[in-house]
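A single structure is presented below for examination.
Labels run A, B and C following the written order; every chain starts at residue 1.
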Amino acid sequence: MMDAATIKNILEAALLAAGEPLSEERLLALFNEAEQPAREQLRAALQQLRDDYAARSLELREVGSGWRIQVRQEFAPWVAKLWEERAPRYSRALLETLALIAYRQPITRAEIEEIRGVTIASSIMKTLQEREWIRVVGHRDVPGRPALYATTREFLDYFNLRGLEDLPTLAELPATDAAHPELETSPGLAEMPPAQPREHADAASASLSTEPGD
Amino acid sequence: MMDAATIKNILEAALLAAGEPLSEERLLALFNEAEQPAREQLRAALQQLRDDYAARSLELREVGSGWRIQVRQEFAPWVAKLWEERAPRYSRALLETLALIAYRQPITRAEIEEIRGVTIASSIMKTLQEREWIRVVGHRDVPGRPALYATTREFLDYFNLRGLEDLPTLAELPATDAAHPELETSPGLAEMPPAQPREHADAASASLSTEPGD
Amino acid sequence: MTDTAITVESPIAKVKGEALTELPRDLYIPPDALEIFLETFEGPLDLLLYLIKRENLDILDIPIARVTRQYLEYIDLMRELRLELAAEYLLMAAMLAEIKSRMLLPRPVEAGEEQDPRAELVRRLLEYERFKQAAERLDALPQLGRDVFQALAEARFKSVTRPLPRVTLDELLRAFNDALARAAMYTHHHVQRDPLSVRERMSQILSRIRADRFTEFQALFPREEGRCGVVVTFLALLELIKESLIELVQRDLYGVIHVRSASANTG
């Protein structure tokens, strides 16, 4: 059997690595059969962890979906500085995905992956949809019927654009790319964004199977 | 002035809330002027935090972009059960390419191919760039102006390194006898990884044609 | 290729626990295991290092004839299994053959300095070995998400709204440019390198030449493929000659060389 301190350490490790609430079932599932603690032992270990945090900046709380380690409210003034001082940044993978959707819409995830040459993490599509910058406007009529993504009105508002025709073109990119002049003449590079966003999106939905927004 | 325990708690709160490494500058910026600790106090508090973690599942570690609180390696067997997919395993081709870039940066693709004796699949360079482990820091001034690659801060963060000087030492070339004097004088054999990654990358960009970092 | 079974000095692979030391001629191709084994080599240098290590040879004093023979056995084995053989493997075979022949010649002694024909090969092997090892050590470092894990606590405060990342139009344009630039770069590369396999080139040459007519040798080298294309074509021609599938004819000294299919003569 495992001693109480080890059980507690494993629970803390899992809760902080997960970064989201974990149910007691998920916590128990961390252990293989031989070492699995009884539910009372699990609860005792959680209680011990809670006590350990008394003098710390953390607290262990039970919320709807399970147990969660969170920073105490009284540390908000300092932690908030973290975000004031520097807004979080999006990854390059997310920005490129968004850019390809903006300039090449409507487009499927597989098509984006083909251009980028790597798979796209689901979290990226989720973040972009949660931010309401992209949405599914239809499905391509091929096996699997993959979703077609397009940008939204919120996207235009955020970037202060009247329409997609206001998106800057590659030709407007400042001089840094003198080394790659071939980019401007390569075939298949859309210099211009699709001209009329709304009609475009509508056309996509119409010619393919339609889906209500969001 | 703030007491040491409060400073320590604030640092812990910020490091756990950020979910990414924080530099000492960002940590100092958490405090307003009146309460800001001196750098030695900051370091002492970090040291204290590190000691606190000795009996726990956590460790405080300095990596490329700053300080990070992380779950110790010993707890990986349990923590890994949280996720269905296993951590990716990288191919030998990818790791050898990455090792060459890490130890010989800045380096061109052709130079890597020369040492490995095989061509490098495009997908490998793509994956390395997509993971933001390598980036183009300039171009070599030879026909074709091939891109020069170097590793990034994210590379250091991922491999748990503070700087390139923490890379495992490259094996010595075996002592060669008089029959092979040319071995010792081969050009371009760097025994040690470059000591200072940032200066190194900057120097590379400066002495060669520059390209803005992302 | 040879008519006899290919014998390799020590087990090539274990199949169902039994050591496999030769590949029977009338092979029902068993060897998934063998194939995996052969595919694990990262290139000719890696294969050579393996051979040297397996025989416990001194890398600074390689018995070149022995190593060359073993190397060629593996190459044949790979062909036997119809594994895609990268051009680099054949270039190395040519290099080994050249070193071997130079070892037989008396060494030119210039200014008292003796140049070992193996020196360059040894240098490359040692160099590659260092980085092969460096890659293993790199992989053994604690990796984020595999061995160590970023700790993250929830920090959602009542009073504070956490700002969302900001993106500028300029960043978006740059991201678009980067994605396309990479795509273009790699597509380009792809077209240039990947199709150059010797086997494929052999078929192409065979389909171009005829038995009843001579084709000019030089016409077989596509100009647009550069040096690598020339090498692949040349290796393919050598292979075709070796397999008696084509013949070369040169009427006059230094004259134009012609190629024709050998099938007319052999039936």
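We take it that a contact is a pair of C-beta atoms (placed from the backbone, for glycine too) under 8 Å apart; a residue touches a chain by one contact, two chains touch by 3 or more.
Treat the numbers as computed from the prediction; the structure is a model and nothing was measured.
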{"item": "Chain nearest the overall Cα centroid", "value": "B"}
{"item": "Identity of the chain that, by mean CA position, is farthest from chain C", "value": "A"}
{"item": "Centre-of-Cα separation between chain C and chain A, whole angstrom", "value": "40"}
{"item": "Intercentroid distance (Cα basis), chain B paired with chain A, Å", "value": "24"}
{"item": "For chain B paired with chain C, centre-to-centre distance based on mean C-alpha positions, whole Å", "value": "31"}
{"item": "Of all residues in chain B, the ones touching two or more other chains", "value": "13, 16-17, 19, 58, 69, 71-72, 79, 122, 126, 214"}
{"item": "Touching two or more other chains - residues of chain C", "value": "149-153, 155, 174, 178, 182, 186"}
{"item": "Residues of chain A defined as touching chain B within the complex", "value": "5, 9-10, 12-14, 16-19, 22, 26, 29-31, 55-58, 69, 71-72, 75, 78-79, 81-82, 85-86, 91-93, 116-118, 176, 179"}
{"item": "Touching residues (chain side chain A, partner chain C) in the complex", "value": "13, 16-17, 19-20, 58, 68-71, 73, 76, 79-80, 83-84, 87-90, 92, 95-96, 98-100, 102-103, 115-117, 131, 158-161, 167-168, 170, 172-173, 177, 180, 182-183, 186, 189"}
{"item": "Chain B contact footprint on chain C (complex, rising order)", "value": "40, 42-46, 59-60, 86, 88, 92, 113-114, 116, 119, 122-124, 126-139, 141-153, 155, 174, 178, 182, 186, 189-190, 193"}
{"item": "Chain A-facing residues of chain C, complex", "value": "149-160, 162-167, 169-184, 186"}
